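Below you'll find a set of structures to go through.
Two complexes follow with chain A in common, the first pairing it with chain B and the second with chain C.
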Partner chain A sequence: MQEEVEDTREQQARRIARELIASGGMDGILGLLEIRDHQVPHLFTEVDELEGLDVSGRYPIAAIAERLLRKFETGRIGVIARGCDERHLIELEKKKSVDMSRLKLIGLACTIEEARECHCVRPYPREVQIGRSVGNVDYLDHEALSKLINMDIAERRRFWTDIFDRCIKCYGCRNVCPLCNCEDCRLEEARWVRVGEIPPEYPSFHLIRAFHMADKCVGCFACERACPMGIPVGKLHQLIKEDLKSVYGYQAGRDVEEKSPLLLAPGVETKGKGGRG
Partner chain B sequence: MNYKTIQSTCPYCGCGCGIYLEVIDGHLVGTMPVLNHPISKGSLCIKGWAAHEFVESEDRLRRPLWKRGANLEPTDWDSALYSVADRLTAIKQQYGPDSIGFLSSAKCTNEENYVLMKFARAVVGTNNIDHCARLCHSPTVAGLARAFGSGAMTNSVPELEEADCILITGSNTTENHPMIASRIVAARDRGAYIIVIDPRRIHLANHADLFLQPRLGTDVAWINGMMNIIISEGWHDRDFIRDRTENFAEMRQTVASYTPERVQEISGIEPHLLRHAAAMYASSARSSLVYTMGITEHTTGTDNVLSLANLAMLCGQVGKPGSGINPLRGQNNVQGACDMGALPDVLTGYQRVDDPETISKFARAWGANLPREPGITVTDMIDAAADGELKALYIMGENPMLSDPDINHVKEALSNLELLVVQDIFMNQTTELAHVVFPAQSYAEKAGTVTSTDRRVQRVRKAIEGVGEALTDWEIFSRLAKIMGAKGFSYETPIEIFEEIRSLTPSYAGITYFRLDSEELQWPCPTEDHPGTRYLHEGEFTRGKGAFTAVEWKPPVEVADEDYPFFLTTGRVHFHYHTGTMTRRSPTLNREMAGAAADINPTDATDLGIKDSDMMTVSSRRGEVKIRARLTDSVPKGTIFIPFNFRESAANMLTISARDPIAKIPEFKVCAVKVEKAVSRR
Partner chain C sequence: MSALEISDGIQAAGTESAFAPAIAVFHCRWCEPDSQKVLVMMPPDVAERSIIRRLNCSARMEAEFAIKALGAGFDGVVVIGCEMGECHYRVGNEQAARRLSVLAGILALAGIYPQRLGLFWESAFDEVTTRRSIEEYVEALRDIGPFKDPH
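So, the complex of A and B:
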């Protein structure tokens, strides 16, 4: 049953990509190529290549799109984008890091299983062209989140001190995130975090990152999956996101016009739609 | 507009992590983790994430160089190759084949190590071939081969997660095998006991149930002490000892004198802590030992490994999933370089050069007469060069001028050679002394296979074209062999080389490029329908019965004294790799750590009037270095630690070349030094 759905998504993706390439409107379609049982990010430029197009992996495709736009001054790219990829791109557009007029999003809806694996609450883009939207779900690991939130201060400090102490400073949480991409990263500056040491200083390394991501994180959990030491960085971001939502009604990745409350003077409206978008 | 990602294997340590190299219009622009990789599972360490950064560096060697007067000058391939071929032929004729030595490379592919090994033996006719495994795990190869019949990691990296107790000794795992540390931490989350036994308070000690801090060079003593406790308490596995081992009685007699009190005198470990460690290790259903250079780089390296083998057999903790002895190999392909016979006494798959059947099999396959006497080791080659017995040394991708002990001695030796040929991707301290330098291709420019620490054979794939005129190492040797009139070197692709390897190597016989396209295979893999081997020694050891060895503790060769009152221990750091030729050209890694620092205990520093970041002068009987101080209680009082990665503060100016009598590994981990505050400016 599941395989049929997967096949359908791939067939749909190939058909749309073929049309876009054949019509000459796109310089390439950014998606995943299945090769030797692995799905790798790839820019499809020829119709012949599309047989290998696959939609089952999850990579920071928005970061790759951004890099391609920066590298090539002209040209348009189609991007097979999940809900989280689209939210990444909206945030990048807010920072004027991508010119959306050069991108054409081909919306891919995630399956229930994929949504569950990623702890997703909105596993579909605004316009779905591949697959079928499973609607608003809530696969956040609420049990784990409330466990974290219900710790008393001493317990909380002990937990985070111990778990952050595992960090080997791979920067994987930053590297994998399309939005944690400042040109001059504070985490690399000796002024903020002593260089050349593992574990990195507690709490500066992790809290700098957490606060920098507070109004950017769209909840894709790629950081948590990339962490080799099992640090629940995604859950940490989730808790901070929840605060921004309840205090300001702000959600990153929802609308390019929605401004971060952290960038506005007190009292100014965020233009947020409020509630879950 | 062209963007693609090529799957490959990380070029740094022996974990064998899966990486995607991102290529835009023929240039490397990034590295990403392979999501469903069996080792790295979508993660990488900082070096892995930065694996693309050095590849297209301005500093890459782009043309062959040869010495003209005092300088190395560019030349063309033919001139350089013919000149090397002529000199090798002349030296062989004048002094005999054993006046020539070869150093192979744990950074190169299996195919390249095989072709060099074949060139040395079939074209030049010498078994003088060795590589840096001599300086890291030669005691493992020797010790575990003696105890079990196979000198490799017994289990798989993913299996560590299944262990109920992991004893880590002499391995700073989070720094040097980060993706294996990831499994150790995951095992802890599952409830496994983690025991760290190390002279330094390493990062992983913070996450251990038990941390024991022995004095440097006391490993045999505390391992014997643990066994003494286990036997007295009756925690040993009598059935396993009876059914699967031999020589237990003699070993038992020896450890009887290693009472916890005596062990405390030698090692400083408190008896009740040693007892806890013994109880955890012996009583868990699946216990694993994890070790690296802290065990091997001693004059008693082989003894240390034999002792760990004794401990595992005593408790029946080997030959099961998640239970065994796991030496972590340091380089991406050091396991493979050993497997390929880049060693003086064995051909591929550890087939001995003094075994007549082996020699006639290879002689027939290669159409050449082959030498039957084992050759000499890296360390002996350096001595032989200094003595004038070795006339030519051919080095593929190694930098002994920084990685070998007592650098002054190495320099004197290499300068004494009639011919020094080096092929590498960058200039380094060793190429500077060479007569001819060949530019080689990096891992990202070529195809082949590497074998990571858990005997796992994986593909390396070509992502970009060769930089400049650089050639793959196997092409360089093939061209040289043809110029020297040898047959059997007309390879077109690495697949042809691999097919030849597996036709001659039973443990690799079932591995093919086709299979490796979709799976990683662990040797032994004797046939094409064999799934590979996750863990060794199930039911029976490779040699039949496991052999206990009675081992007495011996102190290090040089200990702290009045003139040199500190112990020096050396090793690696997280942010750099070996002699830094790759990592120090990587902006990400350089930003993190731009230069060397020596770890010194704050109490010692205060006594010497040294503050954090002060320059210190550290001297031994062999040399002197200036190095910045880093005050940390990760080192005990009386001991300093210097990483060997940095040429400007080279730890190996100080180290001693005294070596293990069997494995010939130098005692990198212990020597005596003097520490002073440097008089010059900071």
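So, the complex of A and C:
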């Protein structure tokens, strides 16, 4: 006998969004709107609009949520959030850039195909309301990542220098990232990266960004998708993330109380003398 | 004897083809205020191609300094800070050690020998230990070869 057919993720999302808007519980629902085969971020405030709600697109929506909270001083927003969107928001909350009490996350689980495309290791949010969690994925299960791990150091050098040579310094990787958002960016300072030079000098541009992202990256791969030259920058970040996880047990985006090991406050966790007087 | 004469002596002794790495050295002022004293701990052929910069604390050392030094043609970067527990600012060296060890991991993942980043957490006043550390580091770099145009 055939079981009852489960709602699609779109249907689930529309139903939840409709309830939240109709009940007046939320002032708007932030999600993706499909327009002519493109998915763009949109704040849904009317039930009628929800026909266009899309959950198949990938978009780092946390930056939009941050901007909306800043623009509107009051009001609560529901956010249709994948695992990576939730982790972005947790990292933004650590920086006190978003007030999570004004956001309600509507958790969207990624399909295994989506997780594979993104090389994601945690393709689901803490609380799933749309779709079904496929569970954790070992990063070594992603072929491209294990290939990079298994290269010896000379092979890696050839691989990355060849590939960084493609860079046209469009700053797409930086611009798309909700967490790479310093007001003064070192990658624009001539002291660190020569201005007007393409490809950017090796290794400054890419490794400075990699270092800055080391304790922030939540592994959403938006940078890699944004890159018009196909530089697998997300994979580099993912492997650096795994380093931090194995050395310090630290995972960005997991918990707002979890502090980066690179921001150790003076006097905390030290075995030293505990002050000089 | 000048540094040049010493290096000539070494070359005459049969290490003519030994690669002399250029090194950017950053040292904490509290464990060694005098940059010249650090310089003379280095093999002469290396010292003449290297630069030394004094920092107020090893915590002043930013990853960018090391990354830029490699891009600017240095083959290695050395950071000398106080022994753990001895930092003038209590934990500056520990913070530096954490950041720079993450940087070493990034270098390795990007295909740059992490050994190019030499991290020495020992007072440079202890000349014997520091001299030995630097010598071992330099020997490793001679084997690894230049950073630009690797084999």
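In the analysis below, the second predicted complex is superposed on the first by the 242 of 277 C-alpha atoms of A that agree within 3 Å, B and C clash if a C-alpha of one lies under 4 Å from a C-alpha of the other, contacts with A are read in each partner's own complex, and residues count from 1 in each chain.
Operating definition for what follows: a residue touches a chain if its C-beta (ideal position, glycine included) is under 8 Å from a C-beta of that chain, and two chains touch if they have at least 3 such contacts.
As the structure is a prediction and not an experimental result, all values here were calculated from the model.
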item	value
Partner chain(s) touched by A:Lys147 [first = chain B, second = chain C, both, neither]	neither
First (chain B), second (chain C), both or neither touched by A:Arg225	first
Which of chain B and chain C A:Pro199 touches, first, second, both or neither	first
Touching partner for A:Arg15 - first (chain B), second (chain C), both, neither	neither
Partner chain in contact with A:Lys95 - chain B first, chain C second, else both or neither	neither
First (chain B), second (chain C), both or neither touched by A:Arg132	neither
Contact residues common to both interfaces of chain A (with chain B and with chain C)	none
Chain A residues within the chain B interface of the complex	27-28, 30, 33, 35-43, 45, 57-60, 64, 67-68, 71-72, 75, 77, 162, 165-166, 168-172, 175-176, 188, 195-196, 198-199, 225-230
Of all residues in chain C, those that touch chain A in their complex	63-64, 67-68, 70-71, 84-85, 87, 89-91, 94-95, 98-99, 101-103, 105-113, 150-151
Chain C contact footprint on chain A (complex, rising order)	148, 151, 153-161, 186, 192, 201-204, 206-208, 210-211, 214-215, 236, 239-240, 243-244, 247-248, 261-262, 264, 266-267, 270-273, 275-276
Chain A-facing residues of chain B, complex	1-5, 7, 20, 22, 24, 29-30, 32-36, 40-46, 48-49, 174-175, 178-179, 181-182, 185-186, 189, 203, 206-207, 517-518, 573-575, 588, 591-593, 597
